[in-house]
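To keep things simple, chains are lettered A, B, C and D as they appear, and every chain counts its residues starting from 1.
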Amino acid sequence: MTEIVSAAVAADHSTPVLSAKDVTKTFKVAGGSITAVDNVSVDFHAGKVLAVVGESGSGKSTLARMLLRLMPVTSGTITYQGKDVTNLGGSELRRYWRDVQAVFQDPFASFNQFFSVGHMLKRSLRLAELDKGTEDQLIETCLGYVGLKSADAMHKYPHQLSGGQRQRVMIARALMMNPKVLLADEATSMLDASLRVSVLNVLQELRDNLHLTVLFITHDIGQACYLADEVVVMEHGLVVEHGTTDEVIFTPQHDYTKRLLADVPDLQGSLKTRSWEPGAPAHVPPPAKDS
Amino acid sequence: MGLRRYLASKTGWYLGALVVAVVLNFLLPRLIPGNPVDVIVSGLGQGGLSSEAQRQIYEQFMKEFGLDQPMWNQFVTYITSIFQGNLGKSFAFYPTPVTDLIAQSLPFTLVLQIPAILLGWIIGNVLGAVAAYKGGAWDKSVFTTSLVFNSMPYYCLSIILLYVLAVMLGWFPPGGAYSLGNSPEWSMAFFTDALQYWWLPFISLLLINIGGQAVGMRSMAIYELGSDYVNYSRSLGIGDAKMTTYIFRNAMLPQITGLALSIGTMVGGALITELVFSYPGMGTLLFNAIAANDYPVVQAVTLIITVAVLVANYMVEVLYGFIDPRIRASKSGEK
Amino acid sequence: MTKSLMRANNLTAVYAADSGQDVPAVDNVTLELPEGQILGLAGESGCGKTTLGTALAMIANPPLYVVAGTLEIDGNEINLSTLPKNANQVHRPYRGETVSLLPQGAMNAISPTLRIRDLVVDVMRAHNGSVTKADALDRASDRLKMLEMPTRVLDSYAHQLSGGMKQRMVTVISTLLNPALLIADEPTSALDVSSQKALIEMLLAMVEAKIMRGVIFITHDLPVLSMVTDRLAIMYAGKVVETGRTEDLVNNARHPYTAALLSSVLDPTEDTRTKHVLGIPGSPPNLGNPPSGCRFHPRCKFAMDVCSTTEPKMLSEGDHDFACWWAKEHPRETIPMEVTHA
Amino acid sequence: MTNISSNAVTAEAEGPLVPTDPTPGPKAKAKPAWMNLNFGPRLWVSLGIIVVIALLAFVGPLLYPYGPDEKVGSLYDAPSAAHWLGTENFGYDVVAVLMASTRNSLINGLLAGTLATVIGVGIGVVAGYIGGWLEELLMGITNIVLAIPSIVILILISMSLQSTDIPFFKGIVGLALVIGITSWPWTARAVRAQASSVSTREHIDVAKLSGARTPGILIRDVLPYLASYVVMAWVLQLASAILAESTLSMLGLGPSGTNSLGMQLHWALAFQSVATGAWWAFLPPTIVLTLISFGLLYLQSSLDEVFNPRLRRGKKKNLAAAAKRREEAARKLEEEMKAPAGVTEVIV
């Protein structure tokens, strides 16, 4: 693990590690086109967790896929450590993926069900180009980092792991590349609340201990609140608000952010504001019109 | 996808398929080394004809069929004569026009196949749906029987039926389409006579079509049984009979496209059924033409089969567009 | 306490596994709901909450079997078991009229080849053969008008509606016959927060208008439940471990599992910014072979020796029931939350 | 042919109804999910049929005293102790001819069916995974070929091949090639749909991020997910290739100078065996063809149930036993309920 730490610490804190500039994505559909991401510019600074919050259709996952270079941009540039990576291909792209890794939403679909955990991890290691001796060592370390024992996990198949364990294996896989940036695309949204917290905690530790840059994509503003240093709010492909987590969540400026925060039910808040008594008729606001 | 787009794209594909099919139909027999006339004439040679006479016949045929022309010219001639309804002259029954031969055979094929395909499709779907819904013994017997019929090659069932019902039991005449001495005409006497000969090949085709459709419908309906709407309708207290109609409607849609896909196979299978029963339709015509190396007839029969199958498929797909609300709804520009 | 609307007694439901073994997904559960209230049923995936809802809605289908249990509702006592041969005929008249289901993910709840209006007519006629088409549609459009929804949706097919609209339309259909009890199974989980809010407000308005006289709201989302419900029941591994008034449960959890679930809730609040939650170690148990004693004991921070040997009985503190040995030894003491602050 | 709409890919996404034990004991050996398949009795029945026929075709000739080209009698000699199924129209022993025919028909089916499956899967996977203009081109070709009845193309090609002088094309292998290259389209279309749904799975993205290249992804991440589907398609292709051969042979376009089930029927019909009641000439090939076709289709449908639990309807015996146990449990529960109340204990 020491080499991971030294590499991450050496990173420059003032200039962004990864940045998107004027990135746009349009999809052709029958009889027209849809702009999924509209002229978005975001910077990611080393050692920070940046959350991109938005509802379905906000373009947050499309943005993530473009940053990961899994999907071409329609226009705009993506820069990594000062280098334009928008149109990388072949071995250069694979080198980029050594530094920028990801964990996806579906803890089952992320796994090839025909491979054991060990097989999957060793396959990923080919990208890291290590010698055999250090491979097992690294797997052990990375699984340990997400709270799993290599002896237990290596021979298991995905269906023998719980959702939380699967996502942690996926994080371990990403860590093995010794990445500088980790994208978590709705990585916790399919997990139960108690397991979700354990994955969020792992991400937090990676930031604190390894100074990893984390891009956390979520629809749940509560999770962003728990984890993120900075928050970007997206709506219909546009960035509507960007600031520190405290700014965005506690003093939102944009109407959309305000509405989003107002609509989120919260445990204590809704108890307090509940205006009816059990069994008694209550005043109920008229249902909102369907948009 | 809007209905108009759907129809436009289907029309495009079928026109494309038609063009390809016509070109193949023209090209394939001409790709062989030498040409069909060689084959015919060398066949005559074995019959003891002098080489001089052979050469004369060869040249006459070459001219008659335009085979001395460059390929491109031949194609243009081929296309224009097709549009004029001229399919050339038979080698074997020279100079009978191919269209005459077809006019004699086609009606027999049509009266056999159209009822067998349509009726088989309807009965098969009903049986399949009932089997899926009832489950248990019903399902087991219907499914296994259907599977047997579905997996039996057409002509195998035909042969067995012919042997058992016609030869052994003598319930039906053992082949042909009408009694000796009778000839096709628009009279009641001819029809009642022909009907006796019609039953056996018809039943043989019908059983197999029922089997195929029932097997397909059963699996579609079982899929539908597990869907959310069945569960929800149940939770609303909707009765079993009503629910069966929902399932039937949804399972039906893929079965309609299934019909389009299987028409080609059915027609192919039916050709051989005619052979088994010596039924004087297109299949028997084709068989005889192949045996006699009668290329113009073979080409004409394959062309007609292709066009008929394409048209039938096209109509089924158009119908599908109108029936499936997911395609129809987008007509008016709704979401 | 107000008059009881429904009481489900000793409900047990099993899944027939491929191996031939039965896995009990709901194990001897008793549940009560007072008239006019909303009961939240919470727990994590696989805890049996959806199975319980399915059993109460009387639509259990193989491989799910309701082995035992009765439902007292509206003066009826219904045997919920699906084992008798005539169970389906017995249950059918109650479905939709006495107990109705609002299903998880309305996405495919309506047959794609059916107009909404056709389903409306079919539902009305299923319970009263003499209803005319016009009457059925009148009733549906009145209901839609009352809820301020456009009546043109009746002419649509399901795929023409947006996700939020579809979910609300299904809600209207489920409650068309004014069922005594509505079972809402994760109705909001697939929706954006704004649609989620709209649906919740609609449900509350319907309860207020006495369209239905009680709701069981099933979800894993505790903040949503705290917003909607009067009472909560927490399920773990096929058992109800704690029930009580929503305020009591949220502020004064008496079962360690409830406490851990509550601490895992991440609201966008100042508190969440600074807190550090540990979550629950381990995974939910295999229901085919549940742990002895209290099913939660392998993951519980407060587990004592007795927890692994003897199953705790339901205890009552006023209107608040729970099954926990620790709570028995510490009367009226809130379970300490496992949270540290930065 | 359209009913092999396997949803093997989507089924697992729904997840198990009951959580599986994430920490199995030391005895539980790790197995990938696909190995926990449930093979029903129908699968064994169909496999049995196919094995018996294969034995007849490949082992039978070694044990049977007569060869298929040994003239042992005259036209339609009736069955006797020496010749169990008599002789056919040329005076050859029917059993010997039948075994040779079955062997050739099976070889033809294997060659043609495998070829069609390979082409279909290749085109389908590439189109479904790569997408874009390549997909449109490949599927355009597929749809056109699919619309043209394949029997027509087969007739035209085999007729042309008949008149060549190259024996290879006239023989069983040539015929198999022709059948193979004309019958891939529906497999391609079905596989494309599956491949395109697999290619949206996140594990493909994970493989890319792990540095895997496109051929590796196709082989290791896409094909295994299609395996069950491909096996079923292959079984169907075998059946349809065997039938296509016999159809062509009946039309007089079969492999010249060799035996096949279709040729046997062709000659039986040509020499009036049905009308003359010589059942031993036409019935054996008819039955063998039916058995092959039934065995393969039954195999396909039982494989479909194995891979697709949604289609499965429980085994009667197990169901009955489980139901009995359940009723027992229900009775016990009822008794417990009748026991004195006091489940709830009031402590305050």
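Following the convention adopted for this analysis, a residue touches a chain if its C-beta (ideal position, glycine included) is under 8 Å from a C-beta of that chain, and two chains touch if they have at least 3 such contacts.
Just so you know, these numbers come straight off a predicted model, no measurement behind them.
**Student:** Which chain pair shares more contacting C-beta pairs: A-D, or A-C?
**Tutor:** Looking at contacts between chains, A-C has the larger number.
**Student:** Would you identify the chain whose C-alpha centroid lies closest to the centroid of all protein C-alpha atoms displayed?
**Tutor:** Taking the mean of all protein C-alpha atoms as reference, the closest chain is D.
**Student:** Report the chain whose mean Cα position is at the greatest distance from that of chain A.
**Tutor:** That would be chain B.
**Student:** Between chain A and chain D, what's the gap in Å when you average each chain's C-alpha atoms?
**Tutor:** 44
**Student:** How many angstrom lie between the centres of chain A and chain C, each centre taken as the mean Cα position?
**Tutor:** One centre to the other, that is 31 Å.
**Student:** Suppose each chain is reduced to the average of its Cα coordinates; what separation in Å results between chain B and chain D?
**Tutor:** 24
**Student:** Which whole number of Å gives the spacing of the CA centres of chain A and chain B?
**Tutor:** 56
**Student:** For chain D, write out the residues touching at least two other chains, lowest number first.
**Tutor:** 15, 19-20, 22
**Student:** Residues touching two or more other chains, restricted to chain A: which are they?
**Tutor:** Residue numbers touching two or more other chains: 162, 165.
**Student:** Residues of chain A touching chain C in their complex?
**Tutor:** Within the complex, chain A contacts chain C at residues 55-56, 162, 164-165, 192-198, 200-201, 219-226, 245-246, 249-250, 259-261, 263-271, 274, 276, 278-279, 281-282, 284-291.
**Student:** Flag every residue of chain B that touches chain C in the complex, lowest number first.
**Tutor:** So the residues of chain B in touch with chain C come to 227-229, 231-239, 242, 246, 249-250, 253, 324-326, 329, 334-335.
**Student:** For the complex, which residues does chain C have touching chain B?
**Tutor:** 57-59, 61, 92-97, 100-101, 103, 105, 107-115, 119, 122-123, 126-127, 156-157, 159-162, 170, 173-174
**Student:** Mind listing the chain D positions that touch chain C in their complex?
**Tutor:** It is residues 15, 17-23, 38, 309, 314, 318-319, 321-323, 325-327, 329-330, 333-334, 336-337, 343-348 of chain D that touch chain C.
**Student:** Per the contact definition, I'd like the list of chain D residues that touch chain A in the complex.
**Tutor:** Per the touch definition, chain D meets chain A at residues 12-13, 15, 19-20, 22, 24, 30-34, 201-203, 205-212, 220-221, 224-225.
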